[in-house]
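Chain lettering (A, B, C and D) follows the sequence in which the chains are written, and residue indices restart at 1 in each chain.
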Amino acid sequence: MGILEVKGVNKRFGGLQALGDVNLSVRENTVHAIIGPNGAGKSTLLNCLVGKLIPDTGSVMFDGQSVLGRQPHEINQMGISRVFQTPEIFGDLTVMENMMIPIFAKRDGAFRMHAVGNMMSEKGIVEAAEKMLVDMNMADKRDMHTASMSRGDKRRLEIGMCLAQEPKLLLLDEPTAGMARADTNNTIDLLKQIKEERDITIAIIEHDMHVVFSLADRITVLAQGTPLVEDDPQNIKGNPKVREAYLGETA
Amino acid sequence: MDAIILQILNGLDKGSAYALIALGLTLIFGTLGVVNFAHGALFMIGSFCAVTLSKILNLSYEVVDPTKKDFLGNPLKVKMPYVESWFGTDMGAAIIDWSVPLAILFSIPVMICIGFIMERGLIKHFYKRPHADQILVTFGLAIVLQEIIKYFYGANPIPTPAPAVFKGSFDFGVILGFDPNTIIYPYWRLVYFGFAALIIGAVFAFLQFTTFGMVVRAGMADRETVGLLGINIDKRFTIMFGLAAAVAGLAGVMYAPINSPNYHMGMDFLVLSFVVVVVGGMGSLPGAVAAGFLLGVLESFASMNQIKSLIPGIDQIIIYLVAIIILLTRPRGLMGRKGVMED
Amino acid sequence: MSKTNLTRRGVLKSGAVAGAGVALPTIFTASSAAAYTNEPTGSTVTLGFNVPQTGPYADEGADELRAYQLAVEHLNGGGDGGMLNTFSSKELKGNGILGKKVEFVTGDTQTKSDAARASAKSMIEKDGAIMITGGSSSGVAVAVQGLCQEAGVIFMAGLTHSNDTTGKDKKANGFRHFFNAYMSGAALAPVLAKAYGTDRKAYHLTADYTWGWTQEESIVAATEALGWQTVNTVKTPLAQTDFSSYIAPVLNSGADVLVLNHYGGNMVNSLTNAVQFGLREKIVNGKQFEIVVPLYSRLMARGAGENVKGIMGTTNWHWSLQDEGSKAFVKSFGTKYGFPPSQAAHTTYCQTLLYADAAQRAGTFNPCGIAEALEGFDFDGLGNGATTYRAADHQCFKDVLVVRGKENPTSEFDLLEIVEITPRGQVEYAADHPMFAGGALGTCNPGA
Amino acid sequence: MLGLNKKDTTLLLVVAILTLCAPFILNPFPEGSALAQFNAGYPDLMQRFVIFGIFAIGFNILFGLTGYLSFGHAAFLGVGSYSAVWMFKLLSMNVIPAIILSMIVSGLFAVVIGFVSLRRSGIYFSILTLAFAQMSFNLAYSVLTPITNGETGLQLTLNDPRILGMSATADGSIPVTSLFGLEMRSTYQMEVGAWLFQFNAGYYLCAAIMLLAFYLAIRIFRSPFGMMLRAVKSNQQRMRYTGLNPRPYTLAAFVISGMYAGLAGGLMASMDPLAGAERMQWTASGEVVLMTILGGAGTLIGPVLGAGFIKYFENIFSKINDNVLHSWFSFLPDGLEDFIVTIVHPFIGKGWHLTLGILFMLVVIFLPGGLVEGGQRIARLFRGKKTANTSKTKTEPAE
């Protein structure tokens, strides 16, 4: 029984069948990659997991509870954090503030009226944020405004913000898309490090095979909205169906 | 029944003014991404083009008429327009009589010039600035423009009649088989409606069938991509601003006989036209036109006695009520696109 | 009252403590310093002219201001003296008021109650104005009148036509020279009956706010008393600019007279729209369709252009009046500014003179003394014949003009012709008339 | 001090000193001098400065922090005023219950309008708030006249019940607003040489409340709640995917700023017991937007500066007339004097709108951050390079 169980999920947009009978099981403390060619339904699937879309049929169970019909922030509070394709951070805020927000969210829930105390006097939160900055190797950027940072740094910060929530499941949506090679490698190293140091389950959608094969414990290949195959990385590499559907195309 | 037909006519006529103003506003917003609070002022300047032309045509020399006295008891100085002395009394009077339609020709170059100057001199520096800044600077500009007009023309409305041919009203009721005088409608308002339809049609045709229009439409859909294609968007934007100014100006010129122009008429229309644009959906030209007519018709219905007696004060709030209902049921107005002006 | 209410700048002007360096904070009490708000102690007295300088009534405000300046000039002995020469009271000598030179400050009401009160307050608190006058709407007049009552200065209302100003909102410190909606109705109805017959069906379009309602009530009452029927009364929003949807149903309603209870921009637009619809060419119930505008303003009539031709209404005063007072005023105003004065100008000019005269007669600037001098004051020579300021409600009673849009104007100022000068007896009413009930004058407040 | 860091404490102290000494600062020119026209130290205007300051501070909590641009905030000010005047009519002339009621009623009003309007964002939100406010204004002016007294505005009369007070004073006038017997209009006057300084009880009440409101705004800005509001402005998507629900945060900000507006309205009515419908018109809502942006949206002191700037213009420039001009320039030769008066004439008196419009444009064009940015630039000129470095790494929004 995995921590995330997707069963029989269908999603149509008008005449287009975006997802057809998707079954997926992500086991705890693994890195599970979902790959597939463009238009395979990867993003649609991801959006069904985080509450942005609601599947037409099927169930999505996380940690024994259904996520369907819940708002994104409720699903997040259940323990799913999401990293976006283009880094989504608070551009007008400083790095430190960015890091504090998820920790507040973890402690106080979706809404709490905290209108008089000074945020910098919240001892536990300031310390936790500073620790996470050190972990992310960003302590020197503590007071920078994030708008001026490089894309790699933004990605690093976003991942740090997600980790700060100590999620049970971390969803990564093409975390290296549009990155320079050096940034990509840095990100891979960071993710490897996270995988080793923390008890965390990661589901990753990725286009870049280099990234996938460096990280994944398990891979699901999606084609035309349906899972083609689910297996270990080694087996996927050799699978002719996958080659035909996907790798062949890029080769 | 006849009352309903009458109010639909009224609504279409009111709606055509709303639609024309909203059209220009949307053109500017859709292409340039600028929220132009000075658009109402452009409408007002259009009306004052009509006033100005009529003043120019009425430029006079004075002839003393000893048989009459002025208010101080001195001999009266009768004004004789130069136009009448150049073209003869009849011809001159006819030219003066037709000053509003003539003002269309006069206003187009004037408005395009004003549009160009505004865009090159001011608006262009605000493309990258936040919407709040755009609102503030164009609002400031609107105040300045209307105060300039007030300085020269005073605060009172200035009568600007339509040609005598269009006086009176047309009896629709008779055509439709009702009694005479049940459905009458002024000729000039019918002209206005036709004129508005013509302008709206022309703008749409221009955008639809010319390459220039295609680029602009593409730019409205996706500015960055068109910019990447190496097409000189800047120049086209300037032209679009001039066009939008001309549309607003023409709407104003033709409106002058309906309500005597005054310097704050732009502000009166501004809020309304914003509501129209938003109800139609930011950035959608058909949406703006549709919303203009919709709100015009609903406003007319709300002013019917039968409805007013059911809901007192409904005509005071109908526009805003409709706006609220539409925005709550259709998140982006009637035909708005996602992600426009939502941040 | 132990402490001062508003400022008393006049005291400072005496300069008694000036030069003493840092004086200790002084608490002025009513007995020790001034007898009333802004008591003038120097050689000048300051009047506050509060008129709309921005917004739709700015032109009327400008005309009011011209008249005020003219009045100040005459009071100080300049110019040709204008109506000072025709005024029945001969107290004013052209040497200011009570020997003090008249100065003035101006403010902008913006035709908003709030802004009007703010500018009136600033004139009282900062500039030491001893009286406030002006304005161009009833809302402003009532709001500022209330303020002047509290502050303890005299208020001479400008253009305000609502019954409420001297009805339910009357105040002891406020006086109105302008006529009111009741008087319009009383003067207009008989003329209408004479011109259009007593068997008429009227349709009212009324601006949906206090003034509009009182005017509608007054006209309906006056016309129905003479046999007219009222088919319908429809309220129109203040912000309305296009009245077509209100006018279109009129013909079909069986009405043969349209009464437009609108003022200012509303009036210009509704009249223009009604004429556009060709209402005046129609024959209904076998009679020529007629339009009536009960309250005329010449400045605004200009905005409606040719559409006013033949339309009847009332006005407070018109420059074509041939009495000596009007002629003198038109002459000095016309000579100075080059065009004839409006009724707004006439009203404000008269009020300034009346205030000055009352102060002169009372021998003091104390608002209570002035109010006493004005109450029940009978005079003549200011353009409307024999006139009385009634003590019971501070309303002025004088002849009312019924006018009609002129068919062949000789100039842009020559828009109205006088149909009848309704004698004052015909428009008078009891102070406790139901249309004016509900308020109390209170007692005069000198502010200290 | 007071739970603020050093910088904020300094700011608060500076503002406190400025407001307390306003009667001196705003009256720099001796009475009777030509420049006395520019004095603003009289009670009514000083009250307006701080009251509109409160209004703008509250507006800035919504707009400056969350970025939600409300075009209908004047409705709350109007509702606050009406509630306060009704309190004076029905209960007593004490300002405390009036102010409390005005905050409660406008808060409730804000809950309703906010709940509906905040379902949309961006310009759609702006238009929704505008629509609500315009509906309130139109109805208040016409159909709701029994409650609002329409065109004239709600005023006190001699017939009001005032169950805890008196309907009329012994000498037959309407009683005046007071704070436990201290009349709001009572004024102490101090003469120093040719200067006259006025210390008005109402002003000091407003000023004290404004300082409190300002202090509270600083606390909100620096609080976790304030950070969340800035997060709303910055990235709502990220917020939702961080387990935070933006809606209650924005609604809370909306209600707080609505209550600030109601407080301002209540104070206005307490200083001058009249509530006019024009207070709710869209132009009044637009005015507070202008104040905030002109002063510097998102900064602490900006909105107060903007409010002062606009009110100063409205009340001082509109009162300059040609006579005043002539007296200023009378030292010049006649021809030149007339020439200068002619040049300046369009910009003063009835032309004050023109001047204001031009100034808006100049400020927006050259000082995108509003007057605060202007101040910062001047300060930078004096302090030179040092500030340039620190400004880059500042952790908190500029003051």
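As a convention for this text, a contact is a pair of C-beta atoms (placed from the backbone, for glycine too) under 8 Å apart; a residue touches a chain by one contact, two chains touch by 3 or more.
These numbers were taken from a predicted model, which means no experiment stands behind them.
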Top chain pair, ranked by number of contacting C-beta pairs: C-D
Computed distance of Cα centres, chain C from chain A, in Å: 74
Approximate Å spacing (C-alpha centroids) for the pair chain C, chain D: 33
CA centroid of chain A to CA centroid of chain D, Å: 46
Cα-centroid distance, chain B relative to chain D, in whole angstrom: 34
Touching two or more other chains - residues of chain B: 313, 316
Multi-partner residues of chain A (at least 2 other chains): none
For chain C, residues that touch 2 or more chains besides their own: 58, 62, 208, 235, 237, 239
Contact pairs between chains, per stated definition: A-D, B-C, B-D, C-D
Of all residues in chain B, those that touch chain D in their complex: 35, 122, 125, 129, 131-133, 135-137, 139-144, 147-148, 151, 271, 274-275, 278, 282, 312-313, 316-317, 319-321, 323-324, 327-328, 331-333, 341-343
Chain D - residues contacting chain B, complex: 67, 69, 116, 119-124, 127-128, 130-132, 134-135, 138-139, 141-143, 282, 286, 289-290, 293-294, 297, 346, 351, 353-354, 356-361, 364-365, 368
Interfacial residue positions of chain A with respect to chain D in the complex: 50, 71-74, 76-77, 81-82, 84, 88-94, 96-97, 100-102, 104-106, 108-122, 143-144, 161, 165
Touching residues (chain side chain D, partner chain A) in the complex: 3-5, 216, 219-220, 222-228, 230-231, 233-235, 237-245, 248-249, 252, 256, 393-395
Interfacial residue positions of chain C with respect to chain B in the complex: 55-59, 62, 208, 232, 234-237, 239, 241-242, 244-246, 248-249, 251-252, 265, 268-269, 272-273, 276-278, 281-282, 284, 299-300, 302-307, 319-320, 330-331, 334-335, 339-340, 410-411, 413-414
